[in-house]
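Look for chain A in each of the two complexes below; its partner is chain B in the first and chain C in the second.
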Partner chain A sequence: MRRSSVFFFLFFAIGWGLAQNESRIVIGLQAEPVALDPAQLSDYNSSRAAMPMFEGLVRFKDGSTELEPALAESWEVSEDGLTYTFTMREGVTFHDGTPVDAEAAKFSFERQIDPEHPYHDTGEFAYAEFTLGMIDSVEVQDPMTLQVTLENPFAPFLSNLAMHAASLVSPAALEQYGRDFAQNPVGTGPYRFVSWQRGTELVLERNPDYWRGAPEVERLVYRPIVEDQARLAALESGEIDFTVNLPVDDLPRLREDPAFRFEEQAGMHTWYLVFNVKKEPFDDPLVRKAVAHAIDRQAIVEALLGGTGELAQNLLPPVVWSYTEDVEQYPYDPERAQELLAEAGYPDGFEVEFWIPQSGSGMQQPVAMGTVIQDFLSRVGITANIQQFEWGTYLDRVIVPEDQAESVPAMFEMSWVGDNGDPDNFLYILLSGDQFPANGFNLGYYNNPEVDEILRTARQTTDQEARIPLYEEAQRLLMADLPIVPVDHEAQIVVMDSSIEGFTPHPTGVFRFETVRLAQ
Partner chain B sequence: MTADTASQTSRRPSFQRLFLREPVTLVASLLLLAVILSALLAPYLGLPNPAEGSLIDRLQPPGTAGHILGTDELGRDMLSRLVWGGRVSLVVGFAAVGFAALLGVTLGILSGYLAGRFDFWVQRLIDVLMAFPYILLALIVVAILGPGLVNTMVAIAIAGIPYYVRIARGSALALRESEFVTAAQAAGAPTWRILVRHVLSNSLSPIVVAATLDVGFMIMAAAGMSFLGLGAQPPISEWGVMLSDGRQYLRVAPWVSLLPGLMIFLVVLTLNLLGDRLRDMLDPRTLGR
Partner chain C sequence: MGPYLLQRLLVTVPTLFGVSVLVFLTLHLAPGDPAQVILGPKATETSLADLRRDLGLDRPIPVQYGRWLAGVVTGDWGRSIQLKTAVLPLVWTHFKATLILSAAAMLFAAGSGILLGVLSAVRAGKLLDRAAIVTTLVGYSLPAFFLGLLLQLAFGLWLGWFPVTGMYQPEGGGVLDLLAHLVLPAVTLAAGIGALIARMTRATMMEVLSQDYVRTANAKGLKRVSVVFRHAFRNAFIPILTILGLQVGYILGGAVLVEEVFGWPGVGTLAVNAILARDFPLVQGVTLLVALAYVLANLVTDLLYTLVDPRISYA
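Moving on, here comes the complex of A and B:
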């Protein structure tokens, strides 16, 4: 009796499940998200899971980093470029019913940048200074009008407002959850939070009241599958429908398979070698150039990366405006490398420390790439002693203030993914003299006053046309001095079940599902 | 003295019976010998440089001209990497066992023979070490020393010390009560001489058996640490590293992972078989058979 009732229940449950026929997409992440608070996102897996739930005053258009209005309907910028006045969109509410108004926007910004704010202790805001640090004051003029005043003119400010950290969060939800907001996120986005079982799955459902119209797909389920081969197997067995960063050598096979659809986009990404210019021998530009000539970067891109990236001629990726190829080029030329080494006083080469991470977001194949680079360098007499680290430890050890520059190795691997599509977000933060850690990410302590002056002028010039020649000049100077060796710009390759239609990758790497349909 | 000669005469026939007449043992010994020889002779075998590859020739399957066992993800010759990798794995395995056994046996014999307060504190120290799972203890040591092949070897050796302390102490405890030790003490022999001549030499056989079995274990532990990226650093070829790096290519080039995996499997199996045989050989209960 008991067994038959169990069977009955099972059949009933299966039947009920089938009858539901809910449309959903299961997304395979590379790792467990860390937090779902938009102000605390610093890795792809967290932002990919969290950002369908959030929006800012402005947003990037689909597939590009051009801006369009979001929670602000319109805005005005004062003549001096210091004051921005936003008119909020009427009738939008957070997922918990709290109305979206100027007060909520002020709350979302000030909680990150004002240490006195009552909700400042609800998280670690790693991106706050970078995204919102230029704000002098935020004022609510009336419930639907917000005025933001900057300390200095800052050209990329509106682009910054489309970044994750500038998203609006529900003040009521923060009051309710406090620090646990990161596990109970409430925003205005096309999807809202349902549940999160750590290590197993995170579930979002569509927001029926979304101001741009409810999305078609009802549920998004995120599953972390760390091992690439396991994620590949999960995709092929149908356990997941959608993923990124599959093993490069398996892609050709999947491309032939009609069960899968590929969507690709040139990435806002650069993989590069950093030289610690505080240390010999890389304080000498000749040695840095010798390294660039010694490495066959084209072979790395074509063979090892299987064409999933494009050869980098420049730190700035081609998808970012003001990019130029009119810079000094460093083709593979081991003889030239040896000449340069001899000229620099190292005819027999030298020995250096070379650190690499075992994995890491944007790092592609750090161990294989590092080993190939080591092999190429050994052929011109440079002995690079590799040391590997786990990604978290690695970041802790290479992102250190100038007074500890001695502990940073002579050479190491790094990558950068653009946040807002502005060249300032590559050139200034990565190579300007006042962006040594912890201010920014100039990890090799490169300092060139001429470049700094240009970059500073460019970020304070609000006219984009006027900024272009400045950035072009900065790129020329930088590539002639070569504080880093750019290796490749990785394309974003998204592989999904062929029933998923209408997905467009976004340059910032987040996944947007609001325009996606499922074919029957 | 008479006991010694007796065991020597009875050891020879048992060596033949247990070691050479068993085909499995014979095959295992030959295999291990081949691996050891190829590892020793690696520089003279005319193999390509295991650290140098050509990206154009990457992931070539076994049987490709010029690369009998194929190439890996960076176009390096698999055969050469396996041979050189064996050199590293074997050295690490034997050296770690040597280090662990040297320290462990010294401590164990002293502890068992001297007894008293010294024994108490050594045993508490060993209890603490044994409270940690083996790999966790090795990870802690590597975290302190930093990653690298030598540090990994030291780490797994330290984690292996308690094993030898326990074995040596057990023997020493029994031996210190034996009549010939009492006789030596009565004759006024210095403690170090009693320890070396009587206690150590009479506890050797269980230690040798344990050490043989342990080499395989140490090779696995070193491979495990390298798999986690803490052991051998590029471009050193080591079986654990090869296994780890190759797993990205399991579907398109399974040999990159399978071959080093197979080598680890075979060598560890061989060492275990030989260790078992050695135990049978040295066990007084099997001697008379």
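Moving on, here comes the complex of A and C:
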């Protein structure tokens, strides 16, 4: 190719780029969004792309998981904690111009949880049961008043209503598109859908009628770039303006570069080791504690994760309210580990199965972390035999009902990403005796009646102030008995062009661009 | 010619059938449940069972295969389990991107490979030949992903001549935009094959150039260019054409890696994600289309022989 022609189309391309460049942010995603229907979101790439278009009755405040009114202006909760009455915000419309009212809210919920609903077959609702499953009935009292009745009192319900699946969708759009609503999303959010070329780009534009005021940045373009190294190259060459999950080794260099701005926050995430407490030797808390003391978790966080995680002192991440560090600590202390092992009757250690996935959402570097843990354990005489699985297979093999507990290994890796910012979403689901699979995610079958009683009371108490001491007590009891070893809380590290101002990461991992401006 | 073409096209059908049965069985025998992958770790047992029923995964495998096959024949390739959209348009969009990349790489590989091979045969043992040997050795030995990173660094980040990812500018379009984005990935994908073709061309050309009729042509006083290209190269081209035909498979396979490195929206990334997600209909769709392309490319190669060498005929 002649050099002159190279330059010719480069000028053309640059000219084109400049002409298009007014007030636009190009976001590099780690993978193609799967679907843009808020009721069908179950991965970060989809929720990051879709959530600027949607809102629920309530929303998480910027930068936190505290709640504030959104499409409901106000609400009342009955004394018994069973009935929630919402007053809808006046004058809000969906992007297609249809009004947002109590009917639309009822439609958005019942479509997911009522198998008889005419639009129930418009998708697979992975989070419906989790988010809205506790609803007994939804009544429209008048066009702007919605009454939701629960089967049992459930304190985190309002927080659930701020989750993706509880977002309001336009009934008219669902009628029009059916199953293809996931490709033609219509909500009420600060941005609205323009176009989506699979694999290439998704384009959103600002909603000029947004009830909180139209955002400053006019257009958002999402590009899937799977390879981390390629996404880094795209950021450095200016092809994208904003991304996450860049290679750890490159972060220090980018931090030095004034062309980029960093925003970080410890996420609503915990990476932990699960013990199958139905199996020897982990039915003995002494052995579990020995494992915790044997692993230098600080070294894993610093050396292996390169500071992209924060050492976990507790199963609950620090961004979730009621978090406390006033719990038993397990610093790296191999001698203490050996003493505990001797006390438990294993002076020469033991041999144990240790399962790890090859990759997986929230699992960070499962293989490297597993190998390092194996090495630390070998130093106190514990031989951990690693077995690796592909992620889908892994989930199949470790999420099994109690009657098949024998098939689950004595020790394995897992991680949890919080959904609604409520402590119940970690402590109850991951460690309550009511939550063995398939009910919940207590994969090691830990069962402590004292803890269960506290967690049950806490989830039925609507007063948040009264719930805090209950969760603090639960954390103390759990960390003293140690059914799992928390290792780290992954940080969200967002890197963007330095012209982007006013961006704050959100604990849920979604990107909020409505508060962002571009410096001239 | 007519009966031969018909026969070849008919053979395509059992080939594709065999491919689809193999892929179907492999996917279904491998562990991992698509319902679990779609709904994630937080799914309840009821929703998993519902989804398996919706997707027809609770049926016996022959029934699932039969349904799928009936659909394909009638133009309904099913819906992607993971991406929740119709398979055929999805695969076709991505496949077009792969075709563009592969075709550009093939053109570049053939053009540069043949030119380099011929020059190096003509100048055998001279500096140009030695330089060409080293270049092709390097080109052939460098893994595509590494070469891709080097090119990105040099021509994208340092020199800023070419974009490093994607197929178009954001919200862009047009042929020039596409060409600018095509250069680096196409060169990366072409390097290995171009080097192979260059070495192949050099070897066959050396052989042909030493034959009597070439000496005769030279003795007659024909121009060097005419001897090399009209007389010698035409005979050397048949084995090169065979290599080109065989490389179509390699290009389509290599495209997967190159697409990842350059964020090219081709069928490779789509296929990898589909396999990881146990997205049966999508994997089936991709495989079928790629197999079809491979079979057709080989057919075209065989037909090209008749054009290059009149002695070959399929009558």
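Basically, the second predicted complex is superposed on the first by the 498 of 520 C-alpha atoms of A that agree within 3 Å, B and C clash if a C-alpha of one lies under 4 Å from a C-alpha of the other, contacts with A are read in each partner's own complex, and residues count from 1 in each chain.
Note that in this section a residue touches a chain if its C-beta (ideal position, glycine included) is under 8 Å from a C-beta of that chain, and two chains touch if they have at least 3 such contacts.
Just so it is clear, the model here is predicted, and its values are computed rather than measured.
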With both structures lined up on chain A, is it a clash or a fit for chain B and chain C?
fit
Name the contact category of A:L395: first (chain B only), second (chain C only), both, or neither.
second
Scan A:D249 for contacts with chain B and chain C and give back first, second, both or neither.
first
Mind working out whether A:T371 is in touch with chain B, chain C, both or neither, as first, second, both or neither?
first
Is A:A303 contacted by the first partner chain B, the second partner chain C, both or neither?
first
Looking at A:E124 after the superposition, I want to know if it touches chain B, chain C, both of them or none. Which is it: first, second, both, neither?
second
Of chain B and chain C, which one touches more residues of chain A?
C
Would you sort A:V34 into first (chain B), second (chain C), both or neither based on which partner it touches?
second
Quick one: is A:Q358 in contact with chain B, with chain C, with both, or with neither? Answer first, second, both or neither.
first
State whether A:Q404 touches chain B only (first), chain C only (second), both chains, or neither.
neither
Per the contact definition in the header, classify A:N152: touching chain B only (first), chain C only (second), both, or neither.
neither
What does the superposition give for the shortest Cα distance from chain B to chain C, in Å?
5
From the superposed pair, tell me which chain A residues show up as contacts to chain B and also as contacts to chain C.
227, 229, 390
Contacts from chain A onto chain B in the complex sit at residues 227-229, 232, 247, 249-250, 253, 296, 299-300, 302-304, 356, 358, 365, 367-368, 370-372, 374-375, 378, 385-390
Which positions of chain A touch chain C when the two form their complex?
1, 6, 8-10, 12-13, 16-17, 20, 24, 26, 31-32, 34-35, 40, 42-43, 123-130, 133, 179-180, 182-183, 197-201, 203, 219, 221, 223-227, 229-231, 233-234, 236-237, 239-240, 361, 390-393, 395-396, 399, 419, 437-439, 441
For chain B, which residues are in contact with chain A within the complex?
51-53, 55-56, 58-59, 73-75, 146-148, 229, 233-235, 245, 247-253
Chain A contact footprint on chain C (complex, rising order):
31-34, 36-48, 51, 54, 79, 82-85, 90, 93-94, 97, 149, 152-153, 156-157, 160-172, 174, 176-177, 179-180, 183, 260-263, 265-266, 269-270, 273, 276-278
